[in-house]
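Following this message is one structure expressed as structure tokens.
Per-chain residue numbering starts at 1, and chain names A, B, C and D are given in the order in which the chains are listed.
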């Protein structure tokens, strides 16, 4: 028996090594591989779509293999750190979130694409994201998959909608009143926001604040105070789902019907919406005195410095940012907004187009801000300043005081570079 | 004679109680595991129902009726015991995709068209039909989305095997020294071996990766094995030391007396005797190497481990807990198989062999 | 002359053997472990510009999360090691009875240990949420009425005690098997006669366990507890998986926090390095104290 | 077969512990030599140095005139039976016995022949396919012996091979070992702490104490002519009785006197003490040499404290001051506890020792 085990073990080791060796040869015989590491399109269905519908035609046409990998922003940076500092650059294209773009640019890990973009005449990148994707007048990131915030409601909440409120023009006060009505009627809060620190609360609040004329990230301006009041009123009526502190994304609670109301990321809202179109209603984010505020997130393509396949990478990016491909990509991946102006011409009238249309409405007509992460030492720490206010005032039903907000602002300002 | 029967009955009763107790205990312990497994077979829609269905459905019941935008598709909800609408559309393709992806149920566009025709021809307000569920849909999707799952799986086994090899050979030598020799600084050395485990590994994971990458072990399975061995060696030393201590030295001496060199004596006598224990200690190493992601994801590019591809697939599994469950189970399965075959040796792990 | 030289060489070789056997480990650690560790140690004693300072530790100790983290860690270690030890001992004693099917039983109890973090994470998160499988099960069992829910991970009201208890139970669930293995092997190597003598001389199950089995099992218990102690102090992953950063701060979670969550702060590296040194100091001190108190060193000296 | 010479061999562990201190001895061809001594006396260490399992700190070991001091065990042409047998639990009996032969690359048929031969000799022919866990202690012991003789070594080493057996088996194995030795004609070194085992089995006994050899001789020599107090005490059961006495020259003769008796020595014993001019002496008398006599002839009267009938004889214990003295008397007449007994010493076998040096006097 023991002998058998030894033999088995040895066979296993040898066999696995042989197999690995075989594989290696296969890899070597294959055409050029372009490594595409992305934080975007992480849901499996989106991955599948990107691989089969977007990458494949390019692969066939150019005889390359696109090695598509999903990695979160932090790991992507860690990986780049190792690759850049040990001269083993194997990643060709990265897709980063705008809150982390500054780190990429400042570390000098990505190529300056200004000249290349200048040569593409058929597309105009949305101005909303220049702050993040460019630095010192140079373009490093090509925006893709922009998002704004949309209102998503479970139809079970519709009966509580205050009379005369039109979901397409709902205001923040009406939204709050609605949330309170739901909480009172159901005996339990149903509004979803992300309660786990350093997730999306800063954006959820930021959209409200922008609607009231505040800047971003403002914690204590007059507009911000008005925004806090909206959320305070929901908090005082215990309008948040009781498990709010454990939520890091509203997708699951909305799908489980633990929560019925939320204003969040359009692609994720679209994902929930698609899970049962007859059960959910999608609307633009609520408005305020100065319009519909929303933080606009975006991801961006960039080429790693030292990429061995620079020309091919440029070619692939040219392909990916083509307006028709941008639209195809946006539609196949849950409703991101294509941040290329020309792309709008390609939108149709399917349900998904409606999601995108609503989002574009917000992006075009709303009060939109990007994420000025580059101005701060650490964007996560900025988020924490907002999270803290939420945790010790709104959540507990306490009053928002100017003093508390000033403290939060001090917290934010201390993080300025 | 009566007494004999009584005794038998009492024994049977005792056994029954004992096994009932065991069953309850195991059921309690494995309840969470049951749910994650069950979840991995549920359709996305059912995975988000509350209360959660206790067992996966084997079929899906549909109701088809006329709606605003075309046809309203409803499915039987086991939780609420009613048909609930899910789609109101005219597009057959959309129905097919939805039924496949959200309900984990096999259906073709032709079949949908046939049902629609049946509705139209029946003159009734609605019709009902039933389709079998594809239970393995989540696993199917998982392996479809997870690129190179099979090579990654093989690579992971290879890396785990290499890690076992490295940590057992290097750690085993030291363990042997601690078990068989008396020397100056033995206690201090043994304690410092333990100290490696005391220093939080998360704090130095990245620098270690840098060292590896600089040593041209970037994207090499060997590189990862070397990193995993750092954590594994310390434990291996402690385990092997107690295994070797459990094997009487005289067995080895006898082999020397009867014509073997020290090495032969070790290979022919001590090693075969230690093997079960070593194999069991290999299990710890295997599990550690198998489940590790942090270093692997930074250090690999073209040769990811299975844990990395699973991680990449599941990173965005929000709204897809059933898929996450399937991925978790797919990852756990090889480890469980490994454990299953090694469990018989585990008993012998810490004290060695009794002669 | 030649003879004596070869003899002394052989002798030297003989004395060097244990050191030669340990050498690979030392070299291995020197290459892969010592350098990063030294870097962290240096980092903990220097400021951002590389000048010697103790400020990092002042920062760590005055961090508002430090004392809660220390406190939480202590509570988790105390309870989880105790619970895990009792649970593992119980299981080991049970399996050691070698009943029909004990092999399969052993395997089943090992399952929690073999599950990857992805699986355990998904398992507990889907279980503990308000609309999760635990509440579902309770509902089917009739414990919960319709619409009634238990907020396992805490509702609006902060309730750290409950969360700590939850973390401890979940950790125990996963760790008991690996501790059980150690104790089981130890039990199987105990001479049967000693235990039987215990019964012959009038002991019941508990007294035999306490007065005979446990003392004889002491070396095994020491190994099991020391290994567990070391990793229990470094618990963090399950907490972050369930609750995210900062809700229940623990020591190593703080290191990860500065490494992963807010790596960009001017003080992030210093804080992480400081916490790292504090943690390893606490772990080594605890381990040393445990080894001393439990008498492991004395045994070593006579061995 | 062969001779074994141990020349000035010293073994030190660390700086302080001296396990063997300048040990020299010679084992003749085909001799059965027993190393005897209490535990910790260095006998096992000495044996292990011969085997090559322990390094020699100083000195030389020669087998058949060849210096093997620095050779590893496998090149010494020895074999060994270990205290706990050290038979390999993962091999069958056959594999255990044939292990060394296989390493010598012997023909399969030859190995088979030898294995069966030694198995028959040790009466384990039936057990060859078993694994050790299925064997009783005695059977394991036989396997260990069979394994040892299979290699036809020059020197055959046994490290307390019988100590793990029960009392009865030990006695019968003892006889068998002797018989096996006689037929195998191997030069044998046998280590034991059991003096009766040594007495019954040895051609020659080497008694060790504190790492040194205190006496070497045939069983009769060490029994009758113990070189010092230690040997006299160590050999024989019940042990030799010792009395501290004063030498008194009283008119015609030499008397050994203490507060219990006054023994007048016979002239031949007086002659043995001629060169001894101290006035204190330790008198050693074997239990069987203290005899029951009539009251009139006794030199010592006392009461029996304990009487242990042994069938063929009886052991009578009595108290003399602090000491318990044991004598061996014929089975009859049967003595009772508390009975007054009258005793005399048989003068021809008295032993005299210098209480300071503990050495025997007058041999």
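Definition applied: a contact is a pair of C-beta atoms (placed from the backbone, for glycine too) under 8 Å apart; a residue touches a chain by one contact, two chains touch by 3 or more.
For clarity, every value in this text was computed on a predicted model and none was experimentally measured.
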Chain A to chain D, fewest steps along touching chains: 2
Contact-richer chain pair [A-C vs B-C]: B-C
Central chain of the complex, centres being mean CA coordinates: C
Averaged-CA centre spacing for the pair chain D and chain C, given as whole angstrom: 55
Chain A and chain C: spacing of chain centres that average the CA atoms, whole Å: 37
Gap in Å, rounded to a whole number, between the CA centres of chain C and chain B: 21
Centre-of-Cα separation between chain B and chain A, whole angstrom: 31
Multi-partner residues of chain C (each touching 2 or more other chains): 131
Chain D residues counted as touching two or more neighbouring chains: 90
Of all residues in chain A, the ones touching two or more other chains: 2, 252, 256-258
Touching residues on chain B, where the partner in the complex is chain C: 18, 22, 26, 29-33, 35-36, 39, 47-48, 50-52, 54, 170-171, 173-174, 176-177, 180-181, 183, 186-187, 189-191, 193-200, 202-204, 206-208, 211-212, 226-227, 229-230, 233, 235, 237-238, 242, 246, 280, 284, 287, 290-291, 293, 307, 310-311, 314, 321, 324-325, 327-329, 331-332, 335-336, 338-340, 343-344, 346-352, 354
Parts of chain C lying in touch with chain A, wherever the complex brings them together: 128-131, 149, 151, 153-156, 242-247, 260-266, 268
Of chain A, residues touching chain C in the complex: 74, 103, 196-199, 238, 240-246, 248, 252-253, 256-258, 376-381, 384, 395-396, 415
Complex interface listing, chain A residues touching chain B: 2, 5-6, 9, 12-13, 16-17, 19-20, 23, 27, 33, 35, 41-48, 51, 67-72, 75, 78-79, 81-83, 85-86, 88, 90-91, 249, 251-252, 255-258, 268, 271-272, 275-279
Sites on chain B touched by chain D in the complex: 248, 250-251, 253-262, 264, 268-269, 272-273, 353, 355
